[in-house]
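We just call them A, B and C in the order they show up, numbering each chain from 1.
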Amino acid sequence: MITVADLALKLEASFIGDGEVNLSGIASLNNAQEGDLSFLADKQYKNDILTTAASAVLVRKGEAADCPAVAIICADPYAAYIVAARVFYPEDDKKPGVHSTAIIDQSATVHSTAYLAPGVIVEANAHIAENVQIGPGCVIGKDVSIGKDSVLCANCTLSNARIGERANLQPGVVIGSDGFGNVRTEDGWVAIPQIGGVEIGHDVSIGANTTIDRGAIDPTVIGDGVKIDNQVQIAHNVAIGDHTAIAGCVGIAGSARIGANCLLAGGVGVVGHLEIADGVTVTGMTMVTHSIKASGIYSSGTPIMENGLWRKNAVRLKTLDRLARRVEKLEKSDKTNT
Amino acid sequence: MITVADLALKLEASFIGDGEVNLSGIASLNNAQEGDLSFLADKQYKNDILTTAASAVLVRKGEAADCPAVAIICADPYAAYIVAARVFYPEDDKKPGVHSTAIIDQSATVHSTAYLAPGVIVEANAHIAENVQIGPGCVIGKDVSIGKDSVLCANCTLSNARIGERANLQPGVVIGSDGFGNVRTEDGWVAIPQIGGVEIGHDVSIGANTTIDRGAIDPTVIGDGVKIDNQVQIAHNVAIGDHTAIAGCVGIAGSARIGANCLLAGGVGVVGHLEIADGVTVTGMTMVTHSIKASGIYSSGTPIMENGLWRKNAVRLKTLDRLARRVEKLEKSDKTNT
Amino acid sequence: MITVADLALKLEASFIGDGEVNLSGIASLNNAQEGDLSFLADKQYKNDILTTAASAVLVRKGEAADCPAVAIICADPYAAYIVAARVFYPEDDKKPGVHSTAIIDQSATVHSTAYLAPGVIVEANAHIAENVQIGPGCVIGKDVSIGKDSVLCANCTLSNARIGERANLQPGVVIGSDGFGNVRTEDGWVAIPQIGGVEIGHDVSIGANTTIDRGAIDPTVIGDGVKIDNQVQIAHNVAIGDHTAIAGCVGIAGSARIGANCLLAGGVGVVGHLEIADGVTVTGMTMVTHSIKASGIYSSGTPIMENGLWRKNAVRLKTLDRLARRVEKLEKSDKTNT
């Protein structure tokens, strides 16, 4: 519970209305109830402010007149919302300590300020730095190191990895698993020993059930500030440049090199052993089959259609080359005729 | 072990043959051995009945003559099979109780009829209702509530979620993980606090390693009777209507709203912030890039071809617009000529 | 640490240079430092040998002259590398034994040479054979059997499954989960009891967070020597032939039958109830919508383009059938005119 006046102070903002109003949570304009703070960031929701039941709203100066509740005036309501969210919902900081059911190898080093939840397992020579929080059921394999202020949610499995500072790993993340390396022999496939590691920079976040394989020989590398969504698959020896963002269900095959400040939208597939330049955006479900040398936006795929129409059009793709040749022939004939 | 006569009684069915025959399991017509019950539901398998080694077969009246085993006559052999399956393979109901290695926060409430397997962790203020079964290694985060008669298999991770009654969660499910919300700043990406929850209705089933993110502010919502397959990714603030079914490997981006009674086939991708009407079917691996306003079947993608043909056709897609313009030109010329 | 001479002895190879040089690790030509062994397998890296800092390099006879370090002469440097890798990085064999926190049902059989890590759970009637290694947090469900010399990494969940010998399961694998079988009734979807198992041959490897469902009635079957990458989804009653390799993010729908010695590249989707012949290769992100009867390479999808060009071309796909009809009309007119 915080008053409008106290919140405005934290936001270094002014307000129009009763500063003594109490706020206890945050909701969208449409879902807010009495006691909620809301915000108007995107103009497409500007009509929602007229009918909101919120007790206070973060708005730009020009929008205060429409606000039926206390208006807190901000240059950037969305940025102010982000600050306010942490006021109402502080991060769930755990008290330092190791739960009695956690099992730590005697050769591992765990900083006294770290928190290890029930059932955590830390193997030989692992290193857990200051203020690291490790959720229930996580397995920290031998030689793994985790940089300070990192948070691991439940049931993550790490091996052969060095994680930077301020990492955020959602539940079910797997890092350092064996890459998919096999050679065909007369006796069938033989696994190639995977002996490389995974090196992850600072400020990296990794979504639920995402997997990142260890390198075959040299390491798999994830740069600083990289943001990875859920269920992404990153194969051995992939390199991802700083501040690149990768949305859900992306798959990146072995030894692909993705530049810095790239955006891979959901479901993108990247073929192995190619390079993507810095600043490239790839739209959803595109398959990247060759290197991309210049920044820009790239796409593949076909538009969604009603199924009947799609069937008629799709079948023509089987003879598209022939169709093009028929047009060429007509063009020649047309030239002769005219 | 059950006799044909006793099984027929349970199915309220009649039979032709020896009612004293003992049955001990169920198999398909082709794989059945002595002692097995089988069934003929789909006419495409009608020849398989002639040679089956099953000791009894669930058949429609007209098919009894072809049956070399005891024929149990049913109006709907498949429906009868579903009942019979539960006779031979009753659900694995666990005796109520909390395993000694489960760790339950003292502020959590766990009903006396619930079963908690070894290694289960239940955090502060969580609520586990009657007859809930929670498998080994599951982590039930703080404030999570699970409705009565729900079953969670092993190694699920739940946080920030309210689950309805009769839920079925397969192993490795993650619910309530942080959504992929980041804003770009001069210092790189900054994570937007994710403070919403996940609200899941009654009778929902969720497949292995599927992930459902918590909402950014308002909750992510899954309706009653929704069925979700394995490795599905549902992003923050998605809403899914009642009785919609979602097959494996589907990815749904943030704030997409899927209607009721929809079917999303395997590998479908849905872009964020769009709406799909009730009763929409989307075929496999289609990318839904805009809202769908009317029920019906929708598709995208190209047909599979032998690789050589595909290469020739695919390259033409790079100049399809030009091809269309060339045809326009020919049409104009043709008009002039004739 | 091993000398060049001793390593050459193990590889049955000769060497040119100082046999007393000590080697302590392996790295690629570019990343190698003093004390490292490297190798030149692929001619595309032949310039890298000129500047390598490696202390010894595995090379073919003709390449020894370019080698600035000790040259170890091999007929097949890559095969030699695989052997050498296991010299420097022996597999992490665990001493037999059951950790005190593992929980084993009294009806389960665990061989005395097996290793069970902390937190492992083994349920009723499960069978763990000789030399099996089971990582932390794995759940081995009732009646599951695991063949000798198999390795399970952390946090795998197995149920209703029989695993062959020498299996390798990476973290987060789920085997034997319920298939996605539901029938629509007036009351919504009703789950069809899933009573089949999973049968996995010998020498199978399965990648991180991959899921394999149990059969509906008959089992799901994975042949000998099958190699499966991360985040693959294999639905109920799929059958996969011996020595087939399946790359990351592939999804295979129910009852599909994949032949032996097939290759499914990353992101491929296979529709249910179809058959793929032996020796078929399917390129990345292809959707297999009908049976493939002959070995060969098959593909679908569209080429990646700069987004502006893609938009212009993609919109033409909506009227491709009409375009083809317009060309037909022009051809008729052309015939009349000439």
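Structural remarks
Here, a contact is a pair of C-beta atoms (placed from the backbone, for glycine too) under 8 Å apart; a residue touches a chain by one contact, two chains touch by 3 or more.
Owing to the predicted nature of the structure, the values given are computational and were not obtained by experimental measurement.
With rounding to the nearest 5, the Cα superposition of subunit B on subunit C corresponds to a rotation angle of 120 degrees.
Interface subunit A/subunit B: under half of the residue numbers present appear on both copies, so the contact uses mostly different residues. A separation of 25 Å divides the Cα centre of subunit A from that of subunit B. Of all residues in subunit C, those that touch two or more other chains are 101, 119, 137, 155, 172, 209, 231, 249, 301-303, 305, 315, 317, 319-320, 323, 327, 330, 334, 337. The residues of subunit A lying in touch with subunit C in their complex are 101, 103, 119, 121, 137, 139, 141-142, 155, 157, 159, 172, 174, 177-178, 180, 182-183, 188-193, 195, 209, 211, 213, 217-218, 231, 233, 235, 249, 251, 253, 269, 271, 282-283, 286-290, 292, 296-303, 305, 309, 312-313, 315-317, 319-320, 323, 326-327, 330, 333-334, 336-337. Listing the residues of subunit A that touch subunit B in their complex gives 26-28, 31, 78, 82, 85-86, 88-89, 92, 99, 101, 117-119, 135-137, 153-155, 168, 170-172, 203, 205, 207-209, 224-225, 227, 229-231, 242-243, 245, 247-249, 266-267, 284-285, 301-308, 310-311, 314-315, 317-321, 323-324, 327, 330-331, 334, 337-338.
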